[in-house]
Amino acid sequence: MKAAVIGATGYTGQVLLRLLENHPKIKTIIPVSSSKTGTPLSAADPAIGKALKKTADVDSKYVSVAQAVEMKPDVVFAALPHLKSAEVCAPFFDRAVVIDLSADFRIKDRAVFREAYGQEPPRPDLLDRAVFGLVEIYKKEIKKASLIANPGCYPTCTTLPLYPVLKKYKHTGAVVVNALSGISGAGKNLKENLMYCQRDESCGAYNPGKLHRHTQEIEQELNKARPGTDIFFTPHLVPLKRGMAVTSFVSFKKEITDEMIETALNRFYKNSPFVNIVGSGRIPETADVLGSNRCDIGWRIFGKQVIFMSVIDNLMKGASGQAVQNMNVRFGFKETSGLNVFGDL
Amino acid sequence: MKAAVIGATGYTGQVLLRLLENHPKIKTIIPVSSSKTGTPLSAADPAIGKALKKTADVDSKYVSVAQAVEMKPDVVFAALPHLKSAEVCAPFFDRAVVIDLSADFRIKDRAVFREAYGQEPPRPDLLDRAVFGLVEIYKKEIKKASLIANPGCYPTCTTLPLYPVLKKYKHTGAVVVNALSGISGAGKNLKENLMYCQRDESCGAYNPGKLHRHTQEIEQELNKARPGTDIFFTPHLVPLKRGMAVTSFVSFKKEITDEMIETALNRFYKNSPFVNIVGSGRIPETADVLGSNRCDIGWRIFGKQVIFMSVIDNLMKGASGQAVQNMNVRFGFKETSGLNVFGDL
Amino acid sequence: MKAAVIGATGYTGQVLLRLLENHPKIKTIIPVSSSKTGTPLSAADPAIGKALKKTADVDSKYVSVAQAVEMKPDVVFAALPHLKSAEVCAPFFDRAVVIDLSADFRIKDRAVFREAYGQEPPRPDLLDRAVFGLVEIYKKEIKKASLIANPGCYPTCTTLPLYPVLKKYKHTGAVVVNALSGISGAGKNLKENLMYCQRDESCGAYNPGKLHRHTQEIEQELNKARPGTDIFFTPHLVPLKRGMAVTSFVSFKKEITDEMIETALNRFYKNSPFVNIVGSGRIPETADVLGSNRCDIGWRIFGKQVIFMSVIDNLMKGASGQAVQNMNVRFGFKETSGLNVFGDL
Amino acid sequence: MKAAVIGATGYTGQVLLRLLENHPKIKTIIPVSSSKTGTPLSAADPAIGKALKKTADVDSKYVSVAQAVEMKPDVVFAALPHLKSAEVCAPFFDRAVVIDLSADFRIKDRAVFREAYGQEPPRPDLLDRAVFGLVEIYKKEIKKASLIANPGCYPTCTTLPLYPVLKKYKHTGAVVVNALSGISGAGKNLKENLMYCQRDESCGAYNPGKLHRHTQEIEQELNKARPGTDIFFTPHLVPLKRGMAVTSFVSFKKEITDEMIETALNRFYKNSPFVNIVGSGRIPETADVLGSNRCDIGWRIFGKQVIFMSVIDNLMKGASGQAVQNMNVRFGFKETSGLNVFGDL
């Protein structure tokens, strides 16, 4: 199998290179970067150094999109900014399975996309073809997909705990979601507020309530579980490199028990190796899942009200790990192939 | 003026020593520590070194409570653990103004105290005498108080943005509060989960919903603004030393405008130098108030729903700075005396 | 192959469990902990959760040393404190290959050991049998060893750049080594100076000059390259979890060129997949090798004086990764088996 | 007294604003920024918010250099990049005391300046007039200076421990200096290697040996203590915002005792309130001096070899605090006026 990674110098692209290098089914990796075409990986990504054995045939240099097209990859991972990805991926459609990590194909309703991204979806003609790549919900569709819209980090970490429970039990009022994210979630952008001295020893909310574009993505998914679900989503930047913690408040219409939630989640996720239900025991922390593709889910119940707490590594289950999981399912590999279920120390 | 600091080796005690050293009205500082009696400050607190000029008369050593009693301080700051403070402070009652940073005198209802702390309040006879030391609300009472219960960090940061608005406008459903705290909020305790390698590069919730003991304190105060207010409060530990950010969701009964909130807050805090209303502009970050006694308050409105965001330095406005502010008001000093309104870089 | 990890709850033990789980030649892992015998791994090591498939036969609980002996492991990793390890390992000698991560068998000269550790080596009878487990130098001996003394983190990171060059070119005066270490190097000890609030936003030297016990270990090895080498070694704690950077100053007797050093290192390490010579190019940083078993080596020359800069992940090439590398060599597996040559993002 | 701060939006400029606001002798602060002229401070420096009372007359907005000239400040702090500062300061020469935090006037020898900065000193005509602003050595000259070259952070932290001892005792061979610096030392520059995700959890050397431009500055000063002193200086970036630790190795010609060093330092610094000699006791850490203008000095002796360890806050004694100390001395204020001798928690 040949895999191309477009945007191979960004954080999610870099993680993809590492995951693919260790993946037993991948024989060749094609690292694509328009800004670094011709540069050796060892110069732009010193941690990977000369260690990427699977790109030997291309002399371990980044190639252009055009070169990548000629190399005929079986699968293409697009790790590009929103609103740019669809177009760059175009030459690969119908020639390879495309797993797009941007938001370009995630939102199915064009009006909602406009609201979130301020313009038309770049390729509305392909929205029907794109499958939302949350394996735990859409495995059947992913198995046949030619275009997979890899979900956002916040939507992944919010949807997994809530979807099965909202589906089963009616709630009332708004679902209030607060999220904490490591700084890599903001991408590799030279912005003053992403400098070390600005983010070290500081934290705070940004784009609260309805202002973050992942809110629409979360609502799209949770409305499939329970139509009319209203989400208030407030993300926060916290000083760590990787990691995401989501705390969700739901007020149900009736009293809830641990058993009710546990049963709902266990049934829904009985074949999901990356969902780890810790229930009313340990409260998950982001370090529990660092480097793993796991999502840990805990909760506490107060009569009808429930606080759900879920954590992921934003670059793994929140991005690159999930993309590899999608590839595994799409190509019939073992779902955990090349991915760690356990977290690093 | 002579000031004693009991528990002078803990984080809040250490900050108090520094604030008092720079305070223009304090002539003598009495550092009290039962575990370090007789030890020079330079040994136990190397950053303060030999720099504490105001303790010269006691050879810059920690003294015992008994020694401190004999030195007849005018004001006593008790920076001790909950359920221990009241008893240690006893010899000073009626001899000095006592500003207690523990929770021993904060909760007025004995049943609520039992629920939160698992036992009777240690000195129920003094609960009537104790004034809740949130200067922005209780200035009049503090001016005459002999015993001041310095508020908790989370209650301070949650109450300040919400109190004036809840008082003025009716809300519906639960108020959902999420808070982020630096690690110093957990005190100087040798616990495995407070080790560097456990907290670095990790974050997550703890004691969610109704489980943290500050929930009752927040409810006590906000119920004065609006009886029946139901709080779901979820704190999170994030990897920074100092700083606290609170994000609160309130669903009001009618549509809300920026002007309504701005007016409510501006009026209520027109004489409060440490409340900084940033409104619908900048979203406050904890670094904005590091080292200052300020609370910055911002918000975003979505029809009837409002997200409030407030930040403090948990060791300043959340503890020691607020204690000094209480002293200033109680003794008729300028409210900002010895306290910074601006934050460190 | 069956592998036992004694001290499986410490940092190096935890990393060993993860490396062995992903190692293609290991079929069974025996996690040993005297303090946690009978406890499920998911309780004591939440990041590994229920994810350790290779311990299924022992119900994923920590076992005692006695239980481990009965399970007849082929290889035993001892991740225990100095001066305790030798004794705990005793029952395995002659029954399994023992790879000891403590210092108990590293220092060959008993007088030097006494000087460094303040007492006799615990098992002087075994010192002759023990092979110093620096694969890059002692591969031949390791292939036949029954007892491997896994080197310390500082000695590994200091010896690798200097050994081949000191061997080839004469130097004069002291070799001045400064090292920076992440906090995990201090082990999982409940000490006040290892608390988050003590180590965050602080750094400094400790045990400078000749006071750190790794100094003797470094001198032992470098004196094999060049007798009479005198080391002044000053380690520093810096606020990161994992990572080690060593900066060494050597004054040679004659003018040195890049080519001279490059040739010396390239020849010596031509079969060493984990040594990455970056030379006069990029100056290595610890993040370059995070999660990898690599040692990156750079330098700058000023006439006769050379500054060498080397980095490792202290828990990988500095401890657990090196231990697995030793196992690989000892059992004839591929040297890189189960180990990453590239660093994590 | 009126004080202007040119470059008031950089880190050192921001710290200067805060120090001057709390300084008892300063009545008016003139914040100068060419890039932010006309912008309110509350927009560009949210932590200072509306809290700067001493700029009220200029509506708390940054002003241009031209405007500042018309306001006739008594003292001008130039917190500008090297090679730009001299020119921007020109209009103030002979009208105000200029304290320049750049390197433009620090190096007296034009050839050495060229070597370090790659071009002629921008105002060679003023080099004679400029006094090197290390108060502990040049107090007498500073009292009469009209142009003060505020020393670099590394030269300050390196010179203070070594100067008096090198002056008194002969050494042999190179002095090997290793330094650790927090990231604010690199200034507020939008460079990829200063992003949070690049610096978090990483550390390493840069510009080793003779490559950092502070090496010449250190040699200039230490050669006054002992001609012929040869410095090898290797700085390292470590993940903290503020703080600097320097570890220096000196090989003396004869055996050294603690008393010899202690006497040399105590005599030299007997009137220096910011030098704190901790000797062979505690090894200083950067957190000991955070927020203070202190330099803590410790050492350990090994026969003729001595390891000196010194720490400062790079933005205080390493930059802005030292600049205020220079102002204090120049204008006859108390040397510690407006500066903390103790460190923050």
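So that you can tell them apart, the chains are marked A, B, C and D in the order they are listed, and the count of residues begins at 1 in each.
Definition applied: a contact is a pair of C-beta atoms (placed from the backbone, for glycine too) under 8 Å apart; a residue touches a chain by one contact, two chains touch by 3 or more.
On a predicted model such as this, the values are computed, not experimentally measured, just so you know.
Participant: So which chain is farthest from chain C, going by the mean of the CA atoms in each chain?
Facilitator: Measuring from the centre of chain C, the most distant chain centre belongs to B.
Participant: Any chance you could check whether C-D or A-D wins on number of contacting C-beta pairs?
Facilitator: Result: the pair with more contacts is C-D.
Participant: Need the CA-centroid distance for the pair chain B / chain D, whole Å please.
Facilitator: Centres of chain B and chain D (C-alpha means) sit 35 Å apart.
Participant: Quick check: how many Å separate the C-alpha centres of chain A and chain D?
Facilitator: Whole-Å distance between the two chain centres: 46.
Participant: Round to the nearest whole Å and give the separation of the Cα centres of chain C and chain D.
Facilitator: Distance between chain centres, rounded to whole Å: 39 Å.
Participant: Where in chain D do residues touch two or more of the other chains?
Facilitator: 11, 184, 198, 200-201, 239-242, 284-285, 287, 290
Participant: For a test of understanding, state which residues of chain B touch chain C in their complex under the given definition.
Facilitator: Within the complex, chain B contacts chain C at residues 11, 183-184, 188, 190-192, 194-201, 239-241.
Participant: What does chain D use to touch chain C in their complex?
Facilitator: Answer in residue numbers: 173-174, 176, 178, 180, 182, 198, 200-206, 208-211, 232, 234, 236, 238-243, 245, 247, 249, 251, 283-287, 290, 300, 302, 305, 307, 309, 311.
Participant: Which residues of chain D touch chain B once you look at their complex with the stated criterion?
Facilitator: 11, 14-15, 18, 21-22, 46-52, 184, 201, 242, 276, 278, 282, 284-285, 287-292, 294, 296, 315, 340-345
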